[in-house]
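These notes are about the structure you will find just below.
Think of it as A, B, C, D, E and F in the order they're written, each chain with its own count starting at 1.
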């Protein structure tokens, strides 16, 4: 039994509130246990310089935490005047992951800006961000479909993420909360598609290592978690669900 | 009649949700019409270098907007690597205003960090921030009282803020929403105490000017608005209300 | 009697030296008591990106202090690599104030850069900057008139600024010097036109508050001060004085 | 057959030149095919603030490329005034990986600074950096052993890294050069110990995904590659090889 | 004859106004032709970290230009957020030159901050800065002598600077104004002591070169110029002149 | 006899390895004693904004040191987020010196980027950089000649640099190593052409001065050194040697 009474293969309760903020084309509040992230997707009618003239779009992501999303207050990155290495890693990950399931050729020279702002953190903020951002992006494209700006949903498949890890007693667990995360020997974030393909695997053993057998157990747990998370995404997306994948069939 | 059917002397609906984020000592979500700001107050057990050794505390504030709190997405200040002049003005204003009603001699060498993060903007974000931040600070001190860290509520009086302005037709109005604000000739932010004293007056006529008579009408409107906003603060604060002012009597 | 023997409603001696620096289109040294500011106005034949194609001009201001303009040496902002919040507030104020009395539609797509550099400080540097900058801008437009670049003086009315405050004994005073400013409970900067209209009111009671009656006394003092300062401006401007307002009549 | 005539499971020639630069405690030039990285390890007799007073050491890494290490000249990060997200990710990875095989409790309050400077790039610069950095660190500790500063080699096991990937034809390959890397659908970097345990797995499919079966094939290839690379490290390290692991037995 | 009717070996009129700004320990306005520089010397009762505990002092200099000191307005370095290479070169030069004639062992652990702010530029701003800064430093030490903080004038010898150059017609000239400077093939700045020793020689032929014979002619001209400039310094310094060199005799 | 057994007028062994890095158009490793610098010259087919439309080219240089090129590890300038004054001075010097011997009118609107990266430092890194950079630039132009992009070698004359100095015993010496440099009273860097003309003279006596007679002795030593260094350049350049100067004859 874990510190919050979960089984090793249980994820925390997930709640995704659509249309959370009024201005963005797509917006959700995703709650995974006590982790809460506002994910906004904005459509801009141009692409960054390196993409111009190719007739295709781009997706980029930014990630931040409110200073007091955490137990100890963090210095605001705008005050420090620079973005930390951790933030950069996470926002590069979110953008890369989303691009793997969006048909950028079908959205014209547009940029989707995804903003993931963690307002409360209890572990798994980057995986919650990816899961929530996916829904925000689908909602944003839904708005473009309604307006007739695009004619097909350019999203190829579902995308979500979950963490797995190995506790110091060697036990593999799914969806670590902050307390577990800070005690784990191994921390791994897995991003997968609805079809069960891998998009990203990032496994790290700081001051520890892990075996191939532990890796396989973690991948199996991740697979179970991703399936459940995908269900929550489907519910939130509703009718738009039927249109996912329509550009590839 | 105004664009949202209000009378000139009516404020928008105010809703203050206490204990909104779990980690901070004091936390509220304040909603003033469609403007939504998370105000968190954090207590740190030390003061900045210029205050050390004086046996008294300090209050400082930071203000930010989510990139898509507004109709058009704004570039994140952490990405730009610097804080804008507008942000600096607002956070200096919030900190200064709060310090005017807190008895810094009574809190020991502690810093209160106030973070106002606008998640949705529809005008009046700085005044909503001050109003919400005041409640967050009272709640945070309430927690110190409960723990016995301090023995008296170090808050001298209520503090809240409201905007007033003059529309291009010369009409003075109270609590401008974004559409009104962008069309107004004169924009004025007023910070007042519960006792009706001024803490700050910041009135600006960009490409316009205003007369003493208009000024007096605006001050009268502000006074009415502040009284109503203070009522919302009292309700949220509840029993702690009785302790405000106890260090000065 | 005040620390420099002035009555409460007396301003310090004002001296405005025109054509102080040779290169700028308009240049003055303004001295208000021991406060000395070089105000240069430069005309650039283009506007910033957000103003392009509108057929009108722009005015922007920058403000700085020599490191040893003050009793204690300040670190140079170029060495710190960023401009302080105080500097930003002041330069935004100067630019905004000047724009309120210039008919930007009449100057074509040009930018007026106003540089206010405080070489010696004794309180009231921001108000002296506004007063001096106004003269520098008029002189710069005078040069454009002489060259025939523009045909009418695009300045609608006089513009000047003065500080008022409340000392800790509750006495309201006009034009605070540094010693008074550092002891005052309330500090207010007022920007007015020659016609006696308000352009900006910025009143602050750090760790203090003020009543409506005190406000009205301060406004009355400010009015007296502005009238005297405007006289000094008229003298310096000389014959160009007759052309102020000619675009609106 | 690959573009440089290798089999899918062949690594490029590896050459590690010890004592390449004279000043650092440990220094190597590592060449993996046409990729060349100078890896310097410097011992500093203090630890960063967050580690002070714990009686243990720290390892941190920095990574950079000469502007013309690549086909197109890159702007120098010191000129841009900030380190890119890619650089941050890589230097965090190198430091984390090294810390997993060093017994930080046995080196006292010292910091090992590892500098990996790519002077010529042809793919796999981060994995070559890890492999070379490991040797530089062992050489630096060797110098401390000789001087008697420490009495046991604080390195627990070998550490090296290799890349694997999937080409667009679905073929899994080992140790990608630049041309292969830029065409690959999947790019994975694996860091392993001499004992065959995983330290880091970072697999990414930008605009592509990969299956569990492809993952297992890649892990197998990585395993073969790591074994060969470890041999090159052993040769370079020479007699110090016998002392690796001596703190844990 | 030159563009301002001078002979090749004539310097421009020099005027040094002492006690120009009231706050600094030493302050002058130096005018060399139309070049005007405010030189302030501030005494701080501590030294930078790298000098602590050595029982001796330090001199450092900063240099800046008002944006409109020049014909074209320059962007303020504080706005750019960094100091240009040219500024760095000049301020390093000024500091280094002053340190060569001050007996740092005799001033205790104090820092002399020298600020050279060019308010109007017409060539030779760095040499005028050095010449003026020397006087400001002597005046500042004079104040320390008067207060009894130090007992001997710690200045070993006079220090001044002048420019020389070669025009495109091959003619060597002394003390170039801006127009000459922008047309010269060779530009050389010479810093010398009162005793005629060299402190710095910086000669540059951008897109041009110079011979040893030209060099010797330039050095001869510089020598003549330095002698005259030193006379102006002596006059300004007055009675303190007798004390220069008293620590070395 | 000097600390490395050289005569006062002897330079250290020079070795220039051409084509050191594969990607740049021109690349050398220059070794002067224990000082080692990688000099890469890259040709870019455009010029910076201030040079556009003039039909001529530009040469600019950047200089950096590996953190552990020196006895003590230096903080990486990309980590500090800014380039030091020393680095700026050196890279401005290198660029200026190279431009004096290249016929920029003959290279079209192209920029030559010269990168000098010191991998090991033992004094004289800036002079070694200039000497090596010259060869890299010639090799890069050689590549353009071979490709037929330009038809004549646009290099007018040889260019190299050497240091001279005065030891504390008053002895003038040629080509100072680090130990000598750190003890010298006077440090002078001389850049000369193959024809023996001066391009730059930068002589500095920090906390010391020098006489005209010492200057002349140093210039004589520099002359001898430059001649020898030029020979090494000729050897490396080989057949291209014959084409130097062909645009001017």
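Please note the rule applied: a residue touches a chain if its C-beta (ideal position, glycine included) is under 8 Å from a C-beta of that chain, and two chains touch if they have at least 3 such contacts.
Being a predicted model, the structure only gives us computed values, none of them experimental.
Taken together, chain B and chain F share no touching chain.
Comparing the centres of all chains, each the average of its CA atoms, the largest separation from chain D belongs to C. Using CA-based centroids throughout, the chain positioned farthest away from chain B is F. Rounded to the nearest 5, the angle that brings the Cα atoms of chain D onto chain E is 120°. Centre-to-centre separation between chain A and chain D, using Cα means, comes to 29 Å. Taking each chain's centre as the average of its CA atoms, chain B and chain D sit 51 Å apart.
Here the spacing of chain A and chain B, counted between their Cα centres, is 34 Å.
Listed for chain E are residues 81-82, each touching two or more other chains. The touch graph of the protein chains shown is a ring with every node of degree two. All chains join into a single ring; listed from chain D onward through chain F, they run D, F, E, C, B, A. Those residues of chain E lying in contact with chain C across their complex are 21-24, 27, 34, 38, 40, 42, 44, 62, 64, 66-71, 73, 76-83, 87, 113, 115, 117, 119-120. Interface residues of chain B, counted against chain C in their complex, comprise 82, 85-86, 88-89, 91-92, 96, 99-100, 104, 188, 193, 195, 197-212, 215, 219.
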